[in-house]
Amino acid sequence: MASATTSRFSRSALIKLAVGLVLVGGLFAVPRYVSSPYALHIMILIFLSTIMGESWNILGGYTGQYSVGHAAYFGVGAYTTVMLMQFRQVPPWIGVWAGIAAVLVVALIIGSICFRLRGPYFVLASIAVAEIMRLSATNLDKFTKGAEGILATEIPVFIIGEHVVTDFLTKVPFYYIGLSLALLTIAVTWAVQHSKLGYYFQAIREDQDAAHSLGINIPLYKNIGLAISATLTALAGSFYAIYVGFVDPSTVLSLDLSVQIVLVCIIGGIGTIYGPVVGALALVPLSEALRSNAIAEGLFKSGIVDPASATGTFLKENLAHAHVLIYGILVVLVILFMPEGLLGFLRKLGARLKQGRA
Amino acid sequence: MTIFLQSLISGILVGGVYALIGIGLTLVFGVMRIINFAHGDIMMVGMYLTYMLFSMVGIDPFLSVLITFPLMYLLGVFLQKVLINRVLDALPQNQILLTIGLGLIMSNTMMLAFTSDYKILSTTYSSSSFSVGGSSISQPLTISFLITAAITGGLYWFLVKTNTGQAIRATAQDREAAQLMGINVKRMSGIAFGLGAGLAGTAGALIAPTYYIFPQVGSVFTLKAFVITVLGGMGSVVGAAIGGIIVGVSESMGAVYISSGWKDVVVYVIFLLVLLFKPAGLLGKSRM
Amino acid sequence: MAILEISHVSKFFGGLAANSDVSFTMEAGMIMGLIGPNGAGKTTLFNCITGYYPPSKGEIIFKGRRMNGLQPDKVCKLGMVRTWQKVRPLAKLSVVDNVMVGALCRTNSLKVARAIALEQIEVVGLSHKTDFLAGSLPIGERKKLEVARVLATKPELLLLDEVMGGLNPAESEEIVRLILDIKARGVSQMVIEHDMKTIMRISDRIVVLNSGEKLTEGSPEEVVHNQAVIDAYLGESHA
């Protein structure tokens, strides 16, 4: 377990720090050398998944409250920012604060309802609340334009003083925003794990009654966990909305989205700082490769499968549609064979290799 | 008044099918303490099975229950043995995720096989109705309600009167104690999951003539099934039957008196209220 | 000075009385033994005292303050903390992290908490297991961990619910020494224990519960020779 031992500056900690700095520096330099919008798009999606996974991780992974309704926070953040921008000409970097405020109010209400429940009942309540939000956004069409959704067309130019920072016409500004937000969520997670909060969250996860008897105010700390988690998820939602330029209830408030947020975290490794990063790195490229048929084409190019053969035709026609299917199979396999996620699996593998060498 | 009566009756009739879905889920939860997020997708498979039997062989959807139920039972036993059994002692979030993954596999396999187009199974009586005291009552819904009632009665008899049924109930009440008393808990889990799938599949068959059939239809019903079981008290068969009727009635009343857009909100609000104030369900003794 | 006063406490579940009209007073610095046959309502009384549920009737007064309705975390902060009959380690945290969770009740600094934790781990004799996962410990060490964790909250009154249950004689003896050691540090303790010999040895005073009611109260000698107590226990073994 990470405890105070890791916070002392040992040699390995310094090496880790150096590697981290180089990695982050490299990531910031990427847009200078990579101009392909598609490559940047994939990176932005990875950042977005990381932000969502890390946010959920604080409540689900550390505090043990398995919310399957995080789309509520994502959607409220997304809607508030876009609505303020489209209907009230509020620039998104200001609107996002309103989004966070709105999400905190929602989280407080949801928390006061759902945190009275435990285990499966909490899961179900979190779903129900998110579904109520989705249905409300669909039905309040005067306010939200309902199922039609809102196109975000009015992104203003970002100016500091006289200097134009960005006009948001390329993917580059989104790349930097995504990267910064991803780093922010990782930093928040790190700070939580290395503080009293982290200890209290994990105590609640491991045994709520024992935690209660040791002086932990359970509702207070669950709500703190939710507030942090919801705020970061709202940031992800706002970022997504401005980047994609469109919100509607069936994408930003859907049960599918809630599930996807959980998946990133659990496939990567729950309750660890870097698990969601690993999850995002694994899931985003995989689903993009399947969606764009890159895998079928790769198989053709490498000569493993003849595109003219029956198998080839089948792959060409179906693989792109099958990406969710393969997603599902992957989930089942990970749960059955890597219950601690990819990160846990890789760590075990590493430990075994080390043992083998010694 | 006629509008009230009409929506009450159609709510009760739809509620019958909901009851079947809820009973399937509650059995699985009762015996294994697993919330099956793939329950609606299993129902969806039942819908497609019925659709195929009807369009390819010409078997009447209500008659096809005789084929659908055993086939879905076998599918359930298979899923339980191969997948669910392995996570019985796993963390709850992993159990939930496994069933979510299972649901994704089922709905997307169906999408590959049948595309995501809406299918309609139209029989000669799909839209026919008869009139009782001024209210018009849908004929297919009435038939499906009668079949539901028969199945529920049969299931109740099975659970109360037979040895296997009693063993299943004992397992649901206290898994450890049941094991100590020599009940083969693993086998009961298989039967429970089989029955759960069989009932969901049957519900799919019964609802097929009056509902659109498409691969993603499952998730709507998974959520409904959760609501129904919580209303009735998780693990309670009678509770689930009543929960189904309540959901059916509140949907049809909500659609008439509030608006069809808000009817699901009504259901979820009732759901949350019950979770908060009667967590053991409307009928249940305290289980917390 | 009385550290804890229980006056006319009753607890009903539905129509059943798990405790009825229990009253006694505990002086600071003493070890109070709480005994009684299975189902006598000992753990229920612990739950009422530490805030897991409010008593249906009566008052619980700790250090002159009425405790009824206070949540367990407040009770802990005020200096009263309990262990669990069925141990509840935070399985995926290390031994030191477990104890730190207790210590964080009195400090916000991880550094201070860690120092307190290491100290208490030393007291219970688990220093060789500091970085082991709590879930990996055998039962005897889990019980010690449980004690270290509550000690780290700096309690004035400790309620120990069968900390010797399931231990072998050598392990029990270690716990006995630990309890006496804790007493020497000035911490009051209320102890539920099944083994009569041990409870007679360590307790300054004993309260006997039977079917939810207080049967008697007195010094260990008085209790051993009390006919009602003998009947209650014989009744249990002959039932």
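Labels A, B and C are assigned to the chains in the order they are written; within every chain, residues are numbered from 1.
Note that in this section a residue touches a chain if its C-beta (ideal position, glycine included) is under 8 Å from a C-beta of that chain, and two chains touch if they have at least 3 such contacts.
Quick caveat: nothing in here was measured; it's all calculated off a predicted structure.
With steps allowed only between chains in touch, the distance from subunit B over to subunit C comes to 2. Of all chains, B has its CA centroid at the greatest distance from the CA centroid of subunit C. Counting C-beta pairs in contact, the pair that comes out ahead of the other among A-B and A-C is A-B.
The chain closest to the protein's centre is A, with centres computed as averages of CA atoms. In whole angstrom, the spacing between the mean C-alpha positions of subunit B and subunit C is 47.
Subunit A and subunit B have CA centres that are 32 Å apart.
Averaged C-alpha coordinates give centres for subunit A and subunit C that are 44 Å from one another. Per the touch definition, subunit A reaches subunit B in the complex via residues 60, 66, 68, 113, 116-121, 123-125, 127-129, 131-132, 135-136, 138-139, 255, 259, 262-263, 266, 270, 318, 321-322, 324-325, 327-332, 335-336, 339. Contact residues of subunit A toward subunit C in the complex are 1, 3-5, 7, 194-196, 199-200, 202-203, 206-207, 209-218, 271. Of all residues in subunit B, those touching subunit A in their complex are 29, 33, 35, 83, 86-87, 90-94, 96-98, 100-105, 107-109, 111-112, 219, 223, 226-227, 230, 234, 259, 261-262, 264-265, 268-269, 271-272, 275-276, 279, 288.
Across the complex, subunit A is touched by residues 50, 52, 71-73, 76-77, 81-82, 84, 88-94, 96-97, 100-102, 104-105, 108, 110-111, 113-114, 131, 133, 149-150, 153 of subunit C.
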